[in-house]
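Some notes on the structure that comes next.
A, B, C, D, E, F and G label the chains in the order they appear, each numbered from 1.
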Amino acid sequence: MEQTYEAAYAELKQIAAEIENESVSVDVLAEKVKRASELIAFCQKKLRSTEQEVNNIIKQMETKTTPS
Amino acid sequence: MSEFHYIKLSELIQKVEDTLRNTFGNEQYWIIAEISGHKFYANNDRHYFEFIEKSETSNDPITKIRGVSWVSGSQRIKLFEQETGQLFTNGIQVLVKVKIEFHKVYGMQLVMQDIDPSFTLGNLELQRRETLHKLATGFPDIIQKVGAEYFTRNKKISIPPVIQKIAIIGSPNSEGYIDFTHTVSSNLFGYKFSIDIYQSTVQGGDAEFELINKLIAIHESGKAYDCVVIIRGGGAKSDFLVFDKFKLSLAIAKFPIPVITGIGHHNDVSIVDMMAHTSTKTPTKAAEFIISHNRQFEEELLILQKAVVIKSQQMLSVQMQRIHLANTTIVNQARTYINFHKDSLTGLHQIITNNTKSILYALQTNLVHLLNQMLSQPKITTASRQNELNNQINNLKVFSQKFIINQKGFVNHYISLINMMKPDNILKKGFAIIAQNGKIISDSENIKKGDELTITMEKHIISTTVNSKIEQDGTNI
Amino acid sequence: MEQTYEAAYAELKQIAAEIENESVSVDVLAEKVKRASELIAFCQKKLRSTEQEVNNIIKQMETKTTPS
Amino acid sequence: MEQTYEAAYAELKQIAAEIENESVSVDVLAEKVKRASELIAFCQKKLRSTEQEVNNIIKQMETKTTPS
Amino acid sequence: MEQTYEAAYAELKQIAAEIENESVSVDVLAEKVKRASELIAFCQKKLRSTEQEVNNIIKQMETKTTPS
Amino acid sequence: MEQTYEAAYAELKQIAAEIENESVSVDVLAEKVKRASELIAFCQKKLRSTEQEVNNIIKQMETKTTPS
Amino acid sequence: MEQTYEAAYAELKQIAAEIENESVSVDVLAEKVKRASELIAFCQKKLRSTEQEVNNIIKQMETKTTPS
């Protein structure tokens, strides 16, 4: 999955806007929602991993910094 | 020899004595004379001298007589000396009261009864003024009088900062000389001097020329004297007249080496004092002046030294402080600087940590928002589609029913129309159908009188024959 | 009866117009009226059957839709 | 059934409009209504299936998302 | 590590500004934070060593200066 | 060391000003402080030797002047 | 006999003025102070010496001073 969060989020927002404007036909609605759910899943995974990573880095920084 | 008439010397002298006595008796006279050949015997308090009167033109005496002052006269002389500050001595002009005394052995002499100090004073003062006037007016390049002061060439010479080589004019045996050399050599500060003595009498008739000669000798010696000191006297009263002399005064005024006087004058200032570079009252004072002059120089040196030292110390201390300040500044500032950077780093650290967290949080929030949208919106969409469908169903129902009703209406319209037109209904209204030969006639043109017609009415069919035919103009209906 | 409602209705309208304009002679009136009443009968029958049919379909639709 | 909801719904709307405008002849009314009922049936089916699908996706999303 | 404090600090500030402006995408956020943590570590090390050095120099100066 | 006090002091002032204006980078701070400490040491040495000399002269002055 | 009281005094005054004006740098201060003390010492010695001794002092001074 070479996808970026930015791209995924942009697509997700696009889908949300389309659905909100009811400019999505019933024919593709399920498909769109499916795509959205995938994008959300991807974004959340990415966010969680980033959060985890950032937390680890911050924790390291703090252990390094605090005794000084 | 016997023919000669003679008397004894004593007889003659007796006659002279008698004549003098008869003529002058105890008469006393105020006379003006100059004193000469003066001797004073302190043990019996007697003065012996001569009264002289000089020619106006030359210095030679034209009259001369012995004078004496006994104890009473001597007391007057003492008062005179006290009052004038001038010794009763050779060369002074006096106004004295005398009586003539004759002695068979010693001859005639004038016994001084009284002496008028004011005359001598006036006389001396007059001479002084004349001399000063001559000096002040005759030599403008050497002497200038400004106010009461006399500025002489000698005064304009600056004394060297240190007086060390001294030429003394005076008598080496005099108290003044001893005082001077003693004071100079035994000075507290240990200053050393090189002193040349130019011996000279400082009183009496020849003193003026001797003094001038010594000045010339000093000048001609070629030695670089720092000053010339003229001293005289000591404790005793002296004769100052020479120091008011014109030539000596002029010589001093123009002398190229500074002249310091110490001529033992308490009450008055001599013209020489006025012309000299510096005048002091006594030889000791002159010596003290020289020492203090040197001391002043040394003190100036010491003041400068002190200034140099103090200022140097100040400078050093200021520099020390500056260095110290620079040190403090650098130390504090370096620490401040490091701390500033530490704080900056901490700040950046915090910004990064906090903002990263808030970015993630915001993203999470956004995502949740989108998620919620996803959770709700599709249902809304399908529901609204469902509504639309339901509406359409309703539309179909309503529109179809309306459509059929309308169609029914149209058909009903025609039903009533047609019903109205049915022949039965027409007959019911009283209309009749006319037929000829079994054919319904609607046009009455071809009907002629006598034609057989069948009239069909609602209830009956009537057969008839035509009787008449007239035009119908609408008025008979 | 291959007749259509449209044709029948048109003929009916035509007859009605003729009658109304009195361009029909009394001799053919009875004939026309007869024809008209036949046409009316046809139309009414057709209308009724259509109505029935439509009502049935709608009823079916409604029964299908309502419970959903 | 390659038909789309959009097309079906458009046709349905068209039919309703025609009926409303009475531009339909009585001859084909029943037929049209029938066609409409078929379209409605299709649309509803489509809607239901889409709804079902969407619900499934949402259910999945919720199970994935909720514990986070 | 031939890096200078100045360069490191400038880069760090840049990153902080980017993060503060939320102009960093999630895709590179972890990476940026990691880089920032490295830069902070470097800067702190450098500061500590400089402080140590400065303190030593000051101590030497004081021992030299005090007895005077 | 052919250095003059003037030159040393000027350099010292320059360094102090630089550090005060924070125009010195952390990278060269320690170096600058070190240089400053050398300059201070040099200046103090120079000042002390000069002071010593001046003091000697004062001592001489006192021994010469007091007994007179 | 080049060294006179006048010359010594003038030089001394010059030195004092320079030091007073702080136009003397620390670098030459000691030298200047030394020179001042020498001049004073010379004058003081000369003041307390006989003509013969003075000549000797000056001779000595000249041999010392000339090469400088």
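What we mean here is this: contacts are C-beta pairs under 8 Å (C-beta built on N, C-alpha and C of every residue); 3 or more make two chains touch, one makes a residue touch a chain.
Predicted, not measured: the structure shown is a model, and the values here were computed from it.
Touching subunit A and subunit G at once are the following chains: B.
Traced through touching neighbours, the fewest hops from subunit D to subunit E number 2. When the C-beta contacts at B-D and at B-G are tallied, the pair with the greater total is B-G. Of all chains, C has its CA centroid at the greatest distance from the CA centroid of subunit E. Subunit E has its Cα centroid 33 Å from the Cα centroid of subunit A. Mean C-alpha positions place subunit A and subunit C at a centre distance of 66 Å. The mean-CA centres of subunit D and subunit G are about 124 angstrom from one another, to the nearest whole unit.
Of all residues in subunit F, those touching 2 or more other chains are 5, 9, 26, 29, 33, 40, 43-44, 47, 50, 54, 57, 61, listed in ascending order. Touching of two or more other chains is recorded for residues 189-190, 302, 305, 309, 312, 316, 319, 327, 331, 334, 338, 341, 349, 356, 360, 363, 371, 374, 378, 382, 385-386, 389, 393, 396, 400, 404, 407 of subunit B.
Pairs of chains meeting the touch criterion are A-B, A-D, A-E, B-C, B-D, B-E, B-F, B-G, C-D, E-F, F-G. Note for the complex: subunit F touches subunit G at residues 4-6, 9, 43, 46-47, 49-50, 53-54, 57, 60-61, 64. By the touch rule above, subunit D contacts subunit B in their complex via residues 5, 9, 12-13, 15-16, 19-20, 22, 24, 26, 29, 33, 36-37, 40, 43-44, 47, 50-51, 54-55, 58, 61-62, 65.
The part of subunit B that touches subunit F in the complex is made up of residues 188-190, 302, 305, 309, 312-313, 316, 319-320, 322-323, 326-327, 329-331, 333-334, 337-338, 340-341.
Residues of subunit G touching subunit F in their complex: 25-27, 29-30, 33-34, 36-37, 40-41, 44.
Contact residues on subunit B toward subunit C in their complex (touch as defined above): 386, 389-390, 393, 396-397, 400-401, 404, 407-408, 410-411, 414-415, 417-418, 421-423, 433, 439-440, 442.
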